[in-house]
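A, B, C and D label the chains in the order they appear, each numbered from 1.
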Amino acid sequence: MRKIGIIMNGVTGRMGTNQHLGRSIAAIRKQGGLELRDKTVVMPEPVLVGRNALKLERLAKEWGIERWSTYLAACLADKENIIYFDAQSTLLRAESVKEAIKAGKHVYCEKPLAGTLEESLELARAAERAGVKNGVVQDKLFLPGILKLKQVIASGFLGRVLSVRGEFGYWVFEGPMPPAQRPSWNYRKEEGGGIILDMFPHWQYVLENLFGRVTAVSCIARTTIPDRVDEAGKTYTCTADDAAYATFELEGGAIAHINSSWATRVNRSELLELHVDGTAGSAVAGLRECKVQSRVTTPKAVWNPDTPNPIHFLDAWQTVPTTVAEENAFKIQWEMFLRHVLENAPFPHGFLEAAKGVQLAEAGRASWSERRWVEVPELSLR
Amino acid sequence: MRKIGIIMNGVTGRMGTNQHLGRSIAAIRKQGGLELRDKTVVMPEPVLVGRNALKLERLAKEWGIERWSTYLAACLADKENIIYFDAQSTLLRAESVKEAIKAGKHVYCEKPLAGTLEESLELARAAERAGVKNGVVQDKLFLPGILKLKQVIASGFLGRVLSVRGEFGYWVFEGPMPPAQRPSWNYRKEEGGGIILDMFPHWQYVLENLFGRVTAVSCIARTTIPDRVDEAGKTYTCTADDAAYATFELEGGAIAHINSSWATRVNRSELLELHVDGTAGSAVAGLRECKVQSRVTTPKAVWNPDTPNPIHFLDAWQTVPTTVAEENAFKIQWEMFLRHVLENAPFPHGFLEAAKGVQLAEAGRASWSERRWVEVPELSLR
Amino acid sequence: MRKIGIIMNGVTGRMGTNQHLGRSIAAIRKQGGLELRDKTVVMPEPVLVGRNALKLERLAKEWGIERWSTYLAACLADKENIIYFDAQSTLLRAESVKEAIKAGKHVYCEKPLAGTLEESLELARAAERAGVKNGVVQDKLFLPGILKLKQVIASGFLGRVLSVRGEFGYWVFEGPMPPAQRPSWNYRKEEGGGIILDMFPHWQYVLENLFGRVTAVSCIARTTIPDRVDEAGKTYTCTADDAAYATFELEGGAIAHINSSWATRVNRSELLELHVDGTAGSAVAGLRECKVQSRVTTPKAVWNPDTPNPIHFLDAWQTVPTTVAEENAFKIQWEMFLRHVLENAPFPHGFLEAAKGVQLAEAGRASWSERRWVEVPELSLR
Amino acid sequence: MRKIGIIMNGVTGRMGTNQHLGRSIAAIRKQGGLELRDKTVVMPEPVLVGRNALKLERLAKEWGIERWSTYLAACLADKENIIYFDAQSTLLRAESVKEAIKAGKHVYCEKPLAGTLEESLELARAAERAGVKNGVVQDKLFLPGILKLKQVIASGFLGRVLSVRGEFGYWVFEGPMPPAQRPSWNYRKEEGGGIILDMFPHWQYVLENLFGRVTAVSCIARTTIPDRVDEAGKTYTCTADDAAYATFELEGGAIAHINSSWATRVNRSELLELHVDGTAGSAVAGLRECKVQSRVTTPKAVWNPDTPNPIHFLDAWQTVPTTVAEENAFKIQWEMFLRHVLENAPFPHGFLEAAKGVQLAEAGRASWSERRWVEVPELSLR
């Protein structure tokens, strides 16, 4: 049984607490650690790092963690800690990550890696020069619904993929009643908010991993809701985009169009749905489910508004059954990163990939302001 | 009882036969004519015009029409015929319409009015100069589902409209088995095919009438299916766009994004759905139905892929009940045009409006080829 | 409009009356004849031939046919009659067909073509020598369900076909109450009865056309019900097989197992079901419907008799929608044969194919009596 | 309360753990033991035997068992252990069973008893000579659905049984995604795999107990899926049969045809279904349910593909209600064997019966390779 120290910075936030601490690291500890290929069992020993000692103490107690600290430098100096994880707000991330790299830690981060492509590439190059392992959260790839879609694509069921339609979003309450279900900084550009920066990194890796590289983007966005009420009950002016309409060209010529919005009411089964049409079949995937329709069961649709449609189109889809135990997407990726660090297992989600996500967000913003398609060149560290 | 002669040119095609002859003119005749405000009853006396005498004879017999002819000039010379209607294929329309105007007929046409904006404006100006009444089919405005949406908007239910999402399309079979359910010319650019030219005229008048003028468009399209099998069982190369992804800016700043495709499998209740989000509520309208969700019944959506979503989002919408008898959309507009001609009732669907539809199609094509937003200036006859 | 004389011999039987006269020839007459490629319209003018003048007269009257006769030779001598059709009982067929060939008629027959392979080949060679067109009924190929299955196979949905399971049959009442729903000669070997001779010709062409040539057969049969009551209310001893269990090897190695029985109670949706398993998907086709299950929607079945199965397996199949108007299978083939005779259209259902069906029946009977696999060599006319 | 020691060898496998340990022995312990006719209560005291100490310890702990050992000889030497149970893989079984017999233990085994008939008979003779009680698992006889079928047969409902159709199987995933739901050795002949050896022992005792002795078999099999992915994610070549089509002649002349396959998609209510037709009625039995159709409720089926079948055949069957508490099939047989050992109750599932199962598997394999019917002589120990 081998213990490994992990610095977890910024886990007092919602995602940090729930997904990274609770459902990932604490869950791995509870299951008795992680067994490597050589049968060694590895036990993560996190140290929770943040600015609010009270919150840290409470969190550590709740999850049975022994160590917490408000002093990052000391944690980085401790050789037992071999991994640095960062879930701080985007604008704070780059500096801490740089220090961790300097201290020789392997680094794992929430997305987006940084606020700009330049900064992201800088971090990627620094990590490469330092020879430390690095990774970024790409959790959507491990959602049960997206995994099923991947399996459908791999099986050849779709034939040649023609197009992808994505709908993401829901109504984020403006407050005060009901109160908002997302933090207020999301709606302030100056604090790193905005739906383009938040979601385009996701669309980048989902599209590239499932369908092919994004080669160009056309995007327009809006600040739909001008004022909202914050956590303290105060009305503030929204400065960040809360709805983005983006069309992506994919390598090979297929089109992906994705609407992302925090100001839409959900007319779907799941908060995110990707509808993929192929020559031999189509699929609609959400967070957890995936349904399909093959060429041979495609109903013959005929435009006739004079009579109620005789075909119930939604019944012509069939759900892909669940065939494996479904794990938390964040935990899956945490275990992959641990194996990457400890036994050199492949981990195709490094900082260069993270930079691609930020690159797409920047290209999306450029397209919006310049009112034209923006090409997305291939990225490399040299 | 006053009889009025109507020249119906090109009604041997599917839309001409079913919608204009069968469900409109023959239906008006069957109901005993159209009563004007002054209680005069008007009975349409059509003369069917076309190139195939056999087909015309059969059609006339089937619908109890006395007159048919293969000689348009003679029909135009007949003073009893006061209205000229044209449902020929787009590329033939302009010339016949010009002759009708020259002959002093009031003119009513299928859409698109012509293959180009220039030609459309020319017709509009010619009609104005000649002082004849003119109109174009804008049937989608009279679909039961769109009428209900209009009523929802008018009631103030939606508050300020923020965005419109449209999905139109279905899978058109490539043949030979199952055979295609649309004519092959739709997929040949050189014959006036293409989904942009077919559908953008519709999107123009629907958006303008419901939400506001379209001020700019960004569009990309594809010829998704490269080969299809035609009516004679022969494989042909598709040259026209069969899928278009378009984002429209509306006067006032709202965004409308509409996907149009003949190569998608339907994951909706109806072949066309418009999803409108507003500050006070949202609506989803199709051909026949319209459902709504108000601010106060909007469920609190939270992103959590770890458990099956506890909310069944599709159940959170409520159907707008049908409260009036639903008429065929084409017949409604035919009766409006007859009243326009006969008692000068308003008819806001003239040739200038028709030109706007063609203008938007041209702007969409330009945006596609120039890879940028294209502004859509206001159109006038001078 | 061209009239062509067709001698219809043996149409007083159930199949002859209902399928060949009523649903095929009379239906073609009712629809106004058959239009050839050169737009000539051909009108079949049948002469009904049989032994019972009373029955013939009544039948002719019922179906609006002018000509009937009990004297075959005279009908064969009439040059207006260019086609001879035979639906007599199997044992009478060969002789009449030979005469028709001698008289230079094109010949179309019910199956089986003859009682033995030798006789079938003899007829095939005679027809070839005489240069007359010839055909045999292979109606199952034109059943809506089998046509859909063919379309599913053609689309590649199944991947590599692994196996075929067939279940055909139902309970034929023994009489007297309820009375039998099939004629008594079916159960007397000496009158050409027996389920092997009746059904194996069907399995031969269905298997060969859908999956590949049958190369070997293993078969066992039984006379399950020893006594039945005939049309006259008299008990008779059954001498023919009424249930056959046959396994077929197909070119390429796939296995088809088909149970055929007139002594089984139906536990299926349709009287005949073919269940085809392939690497990428499976299909179950009946007379009218076809349902499919793809690899990606295959449920994970686990053997656990301790709890009611959590999976409702029958719900995991999806029906192939009907996309074309469905015609009577016999009429489709009649029209094909008429086009074959009149405009030389292809007709892959000639006497050599008919002989293959009888060959498989003979091989099945040999396998039964010799208790071993019997190889089925490829057949040719030379 | 009398304690009896039971050596359980090979219960770390899936069937051993779930069915024999968990649902049988642990369940008997949990219910407070087994009451004999003389009111003595017997408590099984198992000792878990295997090769992996870690697994055994964990298993013992999980099920509250005190004793486990990796040293079989010592367990056999312990006089407290009066029963030896074996659920090892087939190729290891014979040797351990021989030792147990030598040590004077009563012996109970999973099926198949051994890899060959010769070895099976040897074990049966050895047990007889040693005077130890012996038994083999024949669990399918105690499935709720098969028990109901037995009751239907016993009641005379079916009249004379004419034929039996069996369908067993489901799709075993090839991996890697979804992963296989059966162990990889099942698909390797050299490790005792193959569906004939796995399933024919079951068909032997089910057919003999319900309908009569199997007197001959004709069988053909296939290795349908050539490559699969094993538990470690490695692709391997399949060498064992995964689909078998077998026809059995039963004493008295009835035919049973059973398809067994791990490469078929389930078009039934249950993974195994036996369809039995009799003169007075029919029955279809699965693992848990059994439904029947009597002569008087048999619908009159008529072949007519021209209209949708007016009869919904599946509705013409009626479910046999559950009238007794349903027990786990393995537990039922364990209790029978314990009573057999402890109070000499009858137990008609001894090693000679086990040998018959292996005999049928061997006959099936011989039939496959020799392409002929193979007779199955009656077996005896002398």
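Note that in this section a residue touches a chain if its C-beta (ideal position, glycine included) is under 8 Å from a C-beta of that chain, and two chains touch if they have at least 3 such contacts.
Bear in mind the structure is a predicted one, so any value in this text is a computation, not a measurement.
One copy, subunit A, sits rotated relative to the other, subunit D; on C-alpha atoms the angle is 90 degrees to the nearest 5. Taking B-C and C-D together, the chain pair joined by more C-beta contacts is C-D. With centres taken as mean Cα positions, subunit C sits 50 Å from subunit B. Rounded to a whole number, the gap between the C-alpha centres of subunit A and subunit C is 60 angstrom. We define each chain's centre as the mean of its Cα atoms; on that basis subunit C and subunit D are separated by 41 Å.
For subunit C, the set of residues that touch two or more other chains comprises 151, 281, 298-300, 316, 323.
Interchain contacts give a graph that is no line, ring or star and is not complete, per the touch definition above.
Chain pairs that touch one another: A-B, A-C, A-D, B-C, C-D.
Residue ranges of subunit C in contact with subunit B, taken from their complex: 151, 154, 323-324. On the side of subunit B, the complex with subunit A involves touching residues 23, 143-145, 162-163, 165, 167, 170-171, 173, 178, 181, 216, 218, 220, 222, 224-225, 243, 245, 247, 249, 253, 255, 257, 259, 261, 263-271, 275, 277, 279, 281-282, 284, 287-288, 293, 298-303, 305-306, 308-309, 312-314, 316-317, 328-329, 371-373.
Against subunit A, in their complex, subunit D makes its touches with residues 173, 177-179, 181.
Residues 148, 151-152, 155-157, 280-281, 292, 294-300, 311, 316, 318-323 of subunit A are the ones that touch subunit C when the two sit in their complex.
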